[in-house]
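First chain A sits with chain B, and in the next complex the same chain sits with chain C.
The block that comes next holds the complex of A and B.
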C-alpha cells in the first residue's frame, strides 16, 4: 500500500493512544481531530482531573485568588475521546503495540503519543519529606494543600531552591504577608536559567520585597516534632531556622520510569526524539509509530547547533504537541519539524519576566534597552558572535523582535541602536552561568547534546 | 465579532474555561478594561486572570477574547465537552 494511502486509512480508522492528559496531551488530541483524524482516541492520565493548566498554581492559586480545581484548560473542540483518568501507564510493549495500565488493562494502539511530562523532585530524605508542613508544587492537589497551609498563617515559610517555581512561591508568600526564607545553592536566584548578571537583579528584587534570601546555602535536614510536624530546618552554614512550612523547589524529574525496558531511548533526561517528534529507540533508530511531546521530550534544534533541548515550557508543550499530532496523521513530505524558538514567562515580585531563545548557551550578555537597576530592561545573550537569547523585565513587547534576531542569527553584540539604549549597558560582559556539570535546582533548559566543539556530558554505559 | 463558546449549545449555560497564552500576551490590558472581574494587571504588565469565569462574566469574556490585539485568550469552543464523560 503506498504511504499516502496508508496515511489516509490511518486518518480514517486508526487507533491513537495519548499517554499524559495535561497540556501537551490535550492540545495534541485537539489537533488530531482538527486535522481530520476520525479513528479511535484514548487519553490516559495518572491524575484524576480533567486536563488543567499548571502556571496559575504558583501564582493565582497561591495568592488565594483562584481555587486549584478551577484551572481546567478550555477545550478548543469536541474530542470524542475515551478517557482513562486516575490510572497511570505502567509499561509499553513496542512489539505488540500495547500500553499497560496500573489497573491491569492493556490498551492497543497503532500510533502512540507520549506526553507524560515531569513530576516535582521530592526532598531527598523520605522520612523528612513525609513531615507535615513539607510540600512540593507541581499538581493541582499540591497547590490546593499548600494554599490551605498558607491561608492558616504559618510563622515562616522556607523555600528550598530559587528557580522560577521557588521564586514565584516566595513572591506569593510575601504578597500574603508571610515571612519567607529562600535557600539557594547557587550564587543567585534564577541563575541556572538566566545567568549571574540577571540573577543579581532577581536577588535584589527578592530582598527589596522582604525575602530573607540566602544564597550559596543548602538545606541539610528538616526536623520534625513528636507529632511529625515540621519545626526546624538545618542549613549548610551551621545555622538552624524555625519554620512551619518548607516548599521544595528543586526542579522536576521526567516521567520516564514506566518506559524502562521498553526499548525506547528514555531516561532521566527525557525521551529522545527527532525534530518530527518521533521517538528514538535504544539503538538510536527512529520509530515511526511512537511520538513524544512536551516536558518529557528532548529533540534536536538546528538553531542551537542541533543540540537536544529538553524544555519545561508551556509554549513548547503546545507547539510540540501540535507538530506531533500533525505528523502522526501525515506521511513523508507533509510532515513538519518542531522548530519552535524556546520562550517562557514568569511573574514575580510585580515584575513580568520573559525570555526567548536559550540563555544558558549565552557566553556574554549585553543590556540593550533600559537598565538593570530599574528592574525594567531587555538584555541579549551572545554565543559565538550571534544573538542566542534575550530576557526582558517588564518589556514584553520587545521579545518578538529579539526572537526574530535569534532566528536570523543576528550578530552579537547587536549593532542596532535600540530604544532606550544606555551607555553603561553597551559593553558585553560574561553572562555568568554556573558550570552545567554542577547540580542546581534544575534549569528550565537542559542542553544535553553534543556539538563537535564542546563536550558537556560523559557517556556512562549502564552496568549489568 | 461574537465568539461562540461552550454553553451556547442547547441553552445550557455553564462557566467558561479560559487560558491566556502568556508568551503571546504583551500587556495591552484590553481584557482588563473589558472584563475587570476576570482579568487584572499585576504590576506594570503582568496579567493575572481567573481561569474559570462565572456566568455573569460570559459576555465580558467574549468581548475580551475578540478585543485582544495579540489573540492570546482561548476559551472553550462551541462544541467542546463540558466534562470528560462524553465518550467513556
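The block that comes next holds the complex of A and C.
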C-alpha cells in the first residue's frame, strides 16, 4: 500500500494510544482530532484527575488564591476518547504493539504517543522522605497538601534546592508571611538555569524579601520526632535548623521506568526522538509508530548544534505535542520538524522572569537593556560568537526580539544601540554556569549530547 | 504611481472612508522610504518585529530634526512633559507601572471585570435616552459620552463635576482633529485653555484624593508609598490626561466603527442579537478589520535597522501602519472579509510590545457591552449615510457622525 494511502486509512480508522494525560497528552489528542483523525483514541494517565495545568501549582495555588483542584486545562474541542485515568502504564511491547497497564489491562495500538512527563526527584533517604512535613511539588495533590500545611502556619519552612520551583515556593511562603530558609548546593539560586551573574540577582531578590538564603550548602539529613513529624534539618556546615516543613526542590526525573526493557532509547534523561518526534530504539534507529512529546522527550535541535535537548517547558510541551500529533497522521513530506525555540517564564518575589534560547550553553553574558541592580533588565547569552539565549527580568515584552536574534544566529555581543542601554552593558562578562557534571537542582533545559542511543547518555558537552 | 503619492493619498481626507486598497498597494513594499523621509512599515511580521525591537524609540527627542514626519503629534501638550506613550524605558516603565498598579494585573486583576455591571448600566441609560426617536447619531448620542463617563468613574471624578469634565474632554478631543474651515490659532487657544483648566482640576482632585482616598486610580497613584517611585504632581496630571485622551477617542471610534460594520453586515448583527457572547470574538475581529488606531506615527530608529531587505537609517521617523498589517494576506486568510468567527486572530489593533494598549481590557469590555446592547435594543436599525462623514485624522480613524434610523427602542 502506498504510504499516503496507508496514512489516509490510519487517519480514518487507526488506533492511537496516548500515555500521559497532562498538557502534552491533551494537546496532542486535540490536535489529532483537529486534523481529522477519526479512529479510536485512548488516553492513559496515572493521576486520577482530568488534565490540569501545573504552573499555577507553585504560584497561585500556594498563595491560596486558586484551589489545587481548580487548574483544569481548558479544552479546545471534544475528544471522543476513551479515558483510563488513575491507572499507570507499566510496560510496552513494541513487537505486539501493546501497552500494559497497572490493573492488568493491555491496550493495543497502531501508533503510540508517549507523554509521561517527569516526576519530582524525591528526598534521597526514603525514611526521611516519609516524615510528616516533607513535601515535593509536582502534582495537584502535592500542591493541595502543601497549601494546607502552609495555611496551618508552620514556624519555618525549609526549601531544599533553589531552582525555579524551589524559588517560587520560597516566594509564596514569604508572601504568606512565613519564615523560609532556602538551602542551595550551588553558589546562587537559579544558577543551573541562568548562570551566576543572573543568579546573583536572584539571590539578592530572595534576601530583600526576607528569605534566609544559604548557598554552597546541602541538607544532609532530616530528623523527625517520635510521632514521625519533621522537626529538624541538618546542614552540611554542621548547623541544624528547627523546621516543620521541608519542600524538596531537587528537580525532576523523567518517567521512563515503565519502558525499561521495551527496546526504546529511554533512560533517566528521557526518551530520545528525532525532530519529527519519532522515538529511537536502543540501536539508534528511529521507530515509525512510537512518538514522544513533552518533558519526557529529548530531541535534536538544529539551532543548538543538533544536540539533544530535554526541556521542562510548558510551551515546549504544547508545541511538541502538536507536531507529534500532526506527524502521527501524516506521511513523508507532510511531516514537520519540532523547531521550537526553548522559552519559559517564572514569577517570584514580584518579578516576572522570562527566558528564551538555551542559557546554559552561554559562555558570556551582557546586559543589553536596563540594569541588574534594578532587578529590571534583559541580558543576552553568547556562545562561540553568537547569541544563544536571553533572559528578561520584568522586561518580558522584548523577548521576541531576542528570539529572532537566536534564530538568526546574530553575532554576540549584540552591537545594537537600543532603548535603556546602560554603561554596564558595554562589555560581556563570563556567564558563570557551574560545571554541568556537578549535580544541582537541575536546570530546565538539559543538553544531553548527540547520540540518541542509551549508551552515550553520559555524554556531557565540553565547555569552551 | 509612486510611493510618495501613495502616502499622500492615504493621509488625504478623500481616502478616509476606505484606506484599505491603498494599504494593499503600500504592502507591495513592506518597508518604504517616503518622499518626506518617513519610513512606512506595512506588513504584519515586519510591524510585529519592530514593535518588540529595542532599537526603536517612542521618544521624539531621538528623531533626526532634519528628517520628515509631517503629521502633527496629536494629543500632546507642550506645557507638560511627555506622557509614557512617548517615552522609552526606564522612564516609560516606571510611569506605566505606577498607572497599571491600580488598573490591572498583577496588582488589580479584578478592576475591569468588576466594572462590567456599571458599564452595562451606563450603556443602558444612554440607549434609554434614544427612546421616542427614530434616528440618532451613534457618535454624539452614544459612543461619545460613554467613555467619558467611564474615565470619570475610574479617575474618581465626583458625579457633580462630570459635566465640566465632559466639556474639557470634548474641547481637547475635538482639537485633535484639525479642520481647515476654522481659525487654527483660535482653535489652539481653546484647546490650550481646556487643557490648562483640566490640568488644574486634576491637580486639585489629586490633592483631595490624597486627603480622602477612594477606590480609584488617582487615589492609588497619589498614595504610592515608595518615594523613589512616586509620581510628581506634573507626572500625575500628564498621566491622567493621557488616560483620558487615549482612552476616549479610540473607544469612540471602536464603538462607531463597530456599529457601522454591523449595519453593513446584517447577518452578523442578527446573530449578535440572539447570541450576546458573540460580542467577544466580534470585537477582536473589529480591532483587526476596522481598528480605531490605524498607524503609529511617532517611532524613531536609534540605529540603522535592517528590515525586509531595506535599511531604516538612524534618526529616521517610522510609521507602523497597524491597520495594514492586520489586513496582510501573508498572516490572515481572506483578510478583507469581516469574519467574527475567525480563529487565531492575533491582530495589531492594540499594538504589541511595551506600548501595548494600556486600556485594552477596558476598551474590549466597553465595546462588547456597547455593541451587544445596541444590537439588542435598536429595532430595525439602518444606516442613513454610507459611508458616513469621517473625522479628519488618518491616525485615529472613525466616523465624525453616524446617523442611524430605527423603528424603536426595545426595553
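Assume the second predicted complex is superposed on the first by the 449 of 464 C-alpha atoms of A that agree within 3 Å, B and C clash if a C-alpha of one lies under 4 Å from a C-alpha of the other, contacts with A are read in each partner's own complex, and residues count from 1 in each chain.
Quick note on the criterion: a contact is a pair of C-beta atoms (placed from the backbone, for glycine too) under 8 Å apart; a residue touches a chain by one contact, two chains touch by 3 or more.
Remember, predicted model here, so these are calculated numbers, not experimental data.
Peer 1: Between chain B (first) and chain C (second), which does A:315 come into contact with in this model arrangement: first, second, both, or neither?
Peer 2: first
Peer 1: Report for A:368: first if it touches chain B alone, second if chain C alone, otherwise both or neither.
Peer 2: second
Peer 1: Just to be sure I read the superposition right, which of the two partners does A:419 touch: chain B = first, chain C = second, or both, or neither?
Peer 2: Once the two structures are laid over each other on A, A:419 reaches chain C alone.
Peer 1: So, A:74: does it touch chain B (first), chain C (second), both, or neither?
Peer 2: first
Peer 1: With both structures fitted on chain A, tell me whether chain B or chain C touches more of chain A's residues.
Peer 2: Counting residues of chain A touched by each partner, the higher count goes to B.
Peer 1: Classify the contacts of A:218 with the two partner chains as first (chain B alone), second (chain C alone), both, or neither.
Peer 2: neither
Peer 1: Touching A:397 in the superposition: chain B (first), chain C (second), both, neither?
Peer 2: A:397 contacts both chain B and chain C.
Peer 1: Report for A:66: first if it touches chain B alone, second if chain C alone, otherwise both or neither.
Peer 2: First partner only.
Peer 1: Examine A:344 and indicate which partner it touches, taking first as chain B and second as chain C; both and neither are also allowed.
Peer 2: The first partner, chain B, only.
Peer 1: What part of chain A is shared between its chain B contacts and its chain C contacts?
Peer 2: Common interface on chain A, chain B vs chain C: 347, 376, 394, 397, 399.
Peer 1: Would you mind writing out the residues of chain A in touch with chain B in their complex?
Peer 2: 50, 53, 55-56, 59-60, 63, 65-66, 70-83, 85, 314-315, 318, 343-345, 347, 350-352, 354, 376, 394, 396-397, 399
Peer 1: Using the touch definition up top, name the residues of chain B that touch chain A in the complex.
Peer 2: 6, 16-19, 21-23, 25-27, 42-46, 48-52, 74-77, 79-81, 83-88
Peer 1: Okay, in this complex, where on chain A does chain C touch?
Peer 2: That would be residues 347, 368-370, 374, 376, 378, 394-395, 397-401, 404, 416-421 of chain A.
Peer 1: Which residues of chain C touch chain A in their complex?
Peer 2: Within the complex, chain C contacts chain A at residues 48-49, 52-57, 88-90, 93, 106, 302-303, 314, 352-354, 356.
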